[in-house]
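One structure, pasted below without further comment.
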Amino acid sequence: MAVEYQPKIVGFLCNWCSYAGADLAGTSRICYPSNIRIIRVPCSGRVDPLLIVKSFQQGADGVLIAGCHPGDCHYSEGNYYARRRLALLHTFLEYIGIEEERFQIQWVSASEGKRWANVVSSFTEGLSILGPRETTLHKETV
Amino acid sequence: MKPENPLLPYLSTLQELIDLTPDVKLFRLELNDPDIRESFDYKPGQFVFVSAFGVGESPFGITSVAHRKAGVDVAIRRVGTVTNALHQLEPGATVGVRGPFGNYFPLDEYKGKNIFIIGGGIGFAPLRPIITTILDYREDYGDLVIINGARSPQDLVFAPEFDTWAASPKTKLELTVDAGDEKWTGRVALIPSVVSELKLSPQNAIAVTCGPPIMIHFTLIELRKLGFADNQIITTLEGKMKCGLGKCARCNVGDKYVCKDGPVFSMEQISQLIEQF
Amino acid sequence: IPVEINPNTLIVGGGIAGITAALELADGGNHVYLVERQPSIGGHMAQLDKTFPTLDCSACILAPKMVDVAQHPKITLRTYAEVQDIRGFVGNFEVDILQKTRKVDHTKCTGCGTCWQKCPEKVPSEFNLEMDSRTAIYVPFPQAVPLKPVIDTENCRYMKYLQFTEAGEEGKAPPQCRVCEKLCPAAAIDWEQQDEILTEKFGAIVVATGFQTFDHSAYSEYGGGMYPDVITGLQLERLLSASGPTGGEVLRPSDGAHPKTVVFISCVGSRDEQKGRPYCSKVCCMYMAKQAIMLKEHDPNVQCYNFYIDIRAGGKDFDEFSRRAQEEFGTLYIRGRVSKIFEEGKKLIVCGDDSLIGRPVEIAADLVVLATGIEPSTGAAQLAQKLNISYNAYNFFIEAHPKLRPVETNTDGILLAGSCIGPKDIPESVAQGSAAAAKVAALFSQDVLTTDPLVANIDPIKCGGCLLCTKVCPFKAIDTQVTRDGRTISVINETLCKGCGLCVATCRFGAANLRGFTQQQLLAQVTSLWR
Amino acid sequence: MDFSEEIRSKAKELLESGTVDCVIGYERATDGVGARPLFVYQPNDIDRLIFDQTCTHNLTKYLLNRKDKATAIVVKPCDSRAINLLINESQIQRDKVSIIGVVCPGVVKAGLDNTSGELQDTCRMCQQHTPVLYDFLVGELGLEPDVPDTYPDVTGMEDKSAGERRAFWEEQFSRCIRCYACRQVCPGCYCLECFVERLDPTWVGIRIAPGENEVWNTMRAFHLAGRCIDCNECERVCPVNIPLSLLNRKLGKEVEELFKFQAGIDAETPMPFSTFDKEEKLGISE
Amino acid sequence: MSEFISKQNLLTWLGQLIGERNLVAPTRVDDLLLFRKIDRVEDIVFDFDNTTLSPKEWFFPSSETLFYVDRKDGQTELMPAAIEKETAIFGIRPCDAQGMTMNDYPFLEEPADDLYRQHRDITALIGLACITACPECFCTSMGGGPHDTANVDILLTEVTDGYIVQVLTDKGKALLPDNLLATADVSSPLAPVLSEIPSEGIAEKMRQAFDEPFWDRLADRCIHCNICSYVCPTCYCFDVRDYTDKERIERVRSWESCQSPGFTRIAGGHDPRSTKGSRLRQRFSHKLLYFPNQFGALGCIGCGRCVRACPVNIDIREIIQDVQQLGVKSEA
């Protein structure tokens, strides 16, 4: 029988909120899809756009950045800068043909284990509907 | 089998890894294929490329001598990505070895002559085969003066061999550092000044020097002051290399390629080069 | 990079967890610095009468430990003080501690007690939960450590007078009391004394800031705090305690009568989504059982009722204990919630329903005891911010791993103990105090530490000097500097950097990098995800 | 349009007065039609200077090699914005540069001569005909264009489906031979070591393959987000005609809409990534 | 009398070639003209001056794998890269064919570069003589010519409704079936006349000009991109590095240029050619001085690509003239 398509997701999670949130989801046994590979960062403001572009080039079907809600940044301002950088990157990636559904920025606090689970579930679902990325990028040139 | 492609390295095994200084390690390598190992011959002054697979390869002067049949030694200083990767390796690791490349010190021409070895820092490493050869065939050569200099005492390469060298007949070992430490009782001076201080005589002598560009530059001045002719002064040039075959067109100085016409040049040859180095 | 480890430990919070950690470490020969916000250490345990399930006297087992702390040569005690700011990293913390002014020179004070007996100004006692009063210059309770008073500058008459004159208001000035000053045999009163900031260095920090009880005014159905005879479990502890406001005689606040019918209501501020407290406070079931037993022992004619949701008695001898409360001491356990309480004459009518027999219940009680839940002490979140440790929605601190690293945080060198992590009973808090101490001892067993502080660094060779990073850094931790070849570049001030990595993402040059989360490490994670 | 005379006299004045030791301008190229950059050190070279609509190069890139030397430079409006950018990012000092601004109706396509009048595409969408800063102005003020739509090219691309855009860009990127001319010519690209050439960590592999090329082309553009002053030099020099301005201009458009910012309009406004507004949502759900 | 192939037969023949081997020919990619693998004869462009990039990428690709490193159960193995099937390149201009000589010298000089040799061996060259020339062409000044036959296996010269065919090698013979050929009495058209560049004795003049400030002045303008090297049919500098794709490690060689700033910087920072001037001088010295000294031929074949592509009009023709002038000055 055919194995159903499992999107590959990279998640960059802020150590202080989303990472704790995902942890909470785990410890309180809230189920969510296992497609996501989590990379812990100290702050959403730490995420260099290069890492996101690289993730897609490495074959990610989706990239999720999760940080503290605006105003709650552990470093007071990091996520405000992140929001600017990532919002711009989002439109740009969409422009070069990476569907907007494939790149998400979400605010998830340490206590929102449930929300985290929902975010991942709906993200994964969206990607499954979208299907694999149509790309020639892994082929070589002449 | 001998690889068709000269850019294809011989698989080799890292036999031993010895710390020479805080940032220099001696790599003892052995080619895996027994036939190639037998036929793999090289001369003092030649170099090999060593690969850290997944990162790349870099050229290193060979510090061992072929006649001792004890594999290939290279002294590697941690400066870039490749050397970093190599320093991470453990004995038993598989690396690539390409070569030997380049010309060599014409030791036969040096027979019967007094030889002065002047090396600074890691630049001393490729001079070691000359010393080993001379000591192994001591009677063929005249006096041997070894000047080994470094930034600090723990940066002096091949310390374990100092006693052997110093103890050999007709041999003088001069160690010097730019800055000593509490334990250091030896000389604190720059190599060029040591050269002038020792009043090395150009009579029937050859001076071989290798090290950082500035050090070579000033050593040269001193040697000339002492009356050395340019054809008595031998040095090695350094250049960024990718192939070792004079093909990647990178290490050229004017129309000479360091990798195939060098790395060993006499001052006479260098002064004829069109491009200054 | 190897860093020296400062062998001193800071312990924040002088409750039983903090005290235990302090003594364990000090006995191990490490210097400990114990900071407590209140004028005395002891925490909530000092307020308790007996402890479940063994019923030994709380104060009696705590007091000796408090005294040990006071007398231990390796322990520096800082009461009436708070952590203000913290810098640095594991092995090398630098902490600013705010010492609130006591207006009393403790080096001179002998603790004779004259002042707090003679002070004319009476103030409701915090320690006794406002069921009696203390004076303006006071020690919170007779066994306090240190047994030296502080002047409550809010209420001291002379202080009021000074404020009045400074403000230059109209009208009659309050009296210039200064009785304590006149009477003090040691001339220890020092009106000049001001708040001061002390900066100390530490290798490790143990956070044991404990808890406070839920404010039941949120429950209007229980009177929202307007019925004097609806009290909290903690208040009952004080009423039961021989050193309490009533000298151990249980008298109800309204009229000082001996209550005969007492109703306990559990889960007030616990397991209650509506009140934003979905978690179980863990100790209530047990202390209610204990209190029911104690009431019966004080006065055999007392009848106790207990409205409960579940009986949570997991723990050594716990279930047996709550059984005794029912079987031996005749406490009536009613499974169900109380819907409302109203006064009728001298009685409190408690309306609830018995969900087991599915029938409404109405009890005319003399005293109602609310088992108010446990929540982190005020300021826990702010403290966590300062310490760079994470905390959950209720401001309980989050441990590095709920199973395997229960007393560690994600920040090296900062450890946790007691109910600041979550509701706990005494033995658990003590266990964690010891655990944290052991962790610190293990850390100190190596004399140099080879972990990197998680701060940013800027490669001067790569920095192009656009200075964008200096503009974004939330901690103003990036300065500029001119290189030998005349370029102006950015440099990290490691003591100010908190390691957010904003500069790294901002730096196009690839000059900025963050230890612990380097570009190399993160890229390696990305590229290895699907290998 | 031909301002050669005005430029020469100004250059003469500046050189002879010793105000500057070099004037960077344009001279006629070897094809006898186009222009090329010229560095004038002695007055006797001044007559080689020209300025007309073939002078397409953005000369401000050269200021980065002359940071501490007094230099006069000929700039078109777009070029002038680059100077603001470089000052804003503390790369050059205003007082070292004498700016000869030229009122510019746009430059002609490569290979065409001054009179042909067939403008480069970006020039036809250009909003600015007068330099934003200058010490001396050549040409008449007040000739400002009236361009209804600044970004027809970008919106055109946006209207395509994601799939079409993907196909389009992959095709474009796959052609890249990684000569890095786009970077070398760009006044905003002054990293001491470009991420594409970094080995530790290696962001872009040595293999010249579409995937690697995409990382290069996307990030080059993104590093210019809010910084590109739309001089179109990168696109002009690209030997395999990748429409790089189409990338840069998209970012320009978004930065304008999201952050109300235009690169190089002045030298003080904080760069978009060095500031923020607490209230802005930027389309990210809370 | 000379051998002749009609336009129709040519198409037939090329069609056959597509079937039996890789056929590479000039074709439009967007608005570029590039040598690409051809699937349909219709895609071939016959009427052109010259391609944007030189055909060298078919012998010396912009990046190619030298070998793979396979790690199976702790054993490391090196797998030399395999070269795919026989190839014919149609439409190569005499200058580019001549340019191949300039790659043969360094790459085939012993020890020969194996990959390059393989590419050469499996590739047949079908040349197309130049009837017209673009303004930047100057092959005649560099020892070549619009109708030169060097290195090509077959040379076609366009005449009315067909081509004059010169089969020059056995490889060529094998390639072209006689039945498609006719003999016709057509004489080949005159070669276009190109502007002459004074390349006479340039090597010596370059030596004299070596330390002139000329190079630094020239470098003022140069932006040190790699375009000139990458479009040049004779530039052969390369970089070698390891490349890790998802699962396997490969050692990859790719084009590099002596113009790129880090080209000669050695680990540790020292860079013998750190100034822009010295790098620019390197490129032209290599072509006009070192190459002749090493192999006895000029390293430039006058295809004019660098002149066309250079963003700042650094024009080798002008440089040759100027250097000759410098020479005159220094003699005077």
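Note that the chains take the letters A, B, C, D and E in the order they are written out, and that residue 1 is the start of every chain.
Assume a contact is a pair of C-beta atoms (placed from the backbone, for glycine too) under 8 Å apart; a residue touches a chain by one contact, two chains touch by 3 or more.
Everything numeric here is computed off the predicted structure, so don't read it as measured data.
In terms of Cα centroid distance from the overall Cα mean, chain A ranks first.
Relative to chain D, the chain whose mean Cα position lies farthest away is C.
More C-beta pairs in contact connect the chains of D-E than those of the other pair, out of C-D and D-E. Look at the CA centroids: the one farthest from the centroid of chain A belongs to B. For the pair chain A and chain B, the distance between C-alpha centroids works out to 52 Å. For the pair chain C and chain E, the distance between mean C-alpha positions equals 78 Å. Remark: chain B and chain C have CA centroids separated by 67 Å (rounded to whole angstrom).
If you average the CA atoms of chain A and of chain C, the two centres end up 37 Å from each other.
The set of chain E residues that touch two or more partner chains comprises 62, 239, 241-242, 244, 246.
Residue positions of chain D touching 2 or more other chains: 193, 195, 199-200, 203, 207-209, 273.
Listed for chain A are residues 49-50, 54, 58-59, 77, 81, 85, 138, 141, each touching two or more other chains.
Contacts from chain E toward chain B in the complex involve residues 66-67, 69, 76-78, 80, 106-107, 109, 111-115, 207, 210, 236-242, 244, 249, 251, 253, 256, 258, 263-268, 270, 272, 278, 285-286, 289-290, 293-294.
Those residues of chain D whose C-beta lies close enough to touch chain A in the complex are 157-158, 162-170, 174, 195, 203, 207-212, 214-215, 218-219, 221-222, 225-226, 247, 250-251, 254-255, 258-259, 272-273, 276, 278, 280, 282-286.
On the side of chain D, the complex with chain B involves touching residues 199-200.
On the chain C side of its complex with chain D, the touching residues are 461-468, 471-472, 486, 488, 506, 508-510, 519-520, 523-524.
Interface of chain C with chain A (complex): residues 385, 388, 390-394, 398, 402, 410, 454, 472, 474-475, 498-502, 504-506, 514, 516-517, 519, 522-523, 525-527, 529-530.
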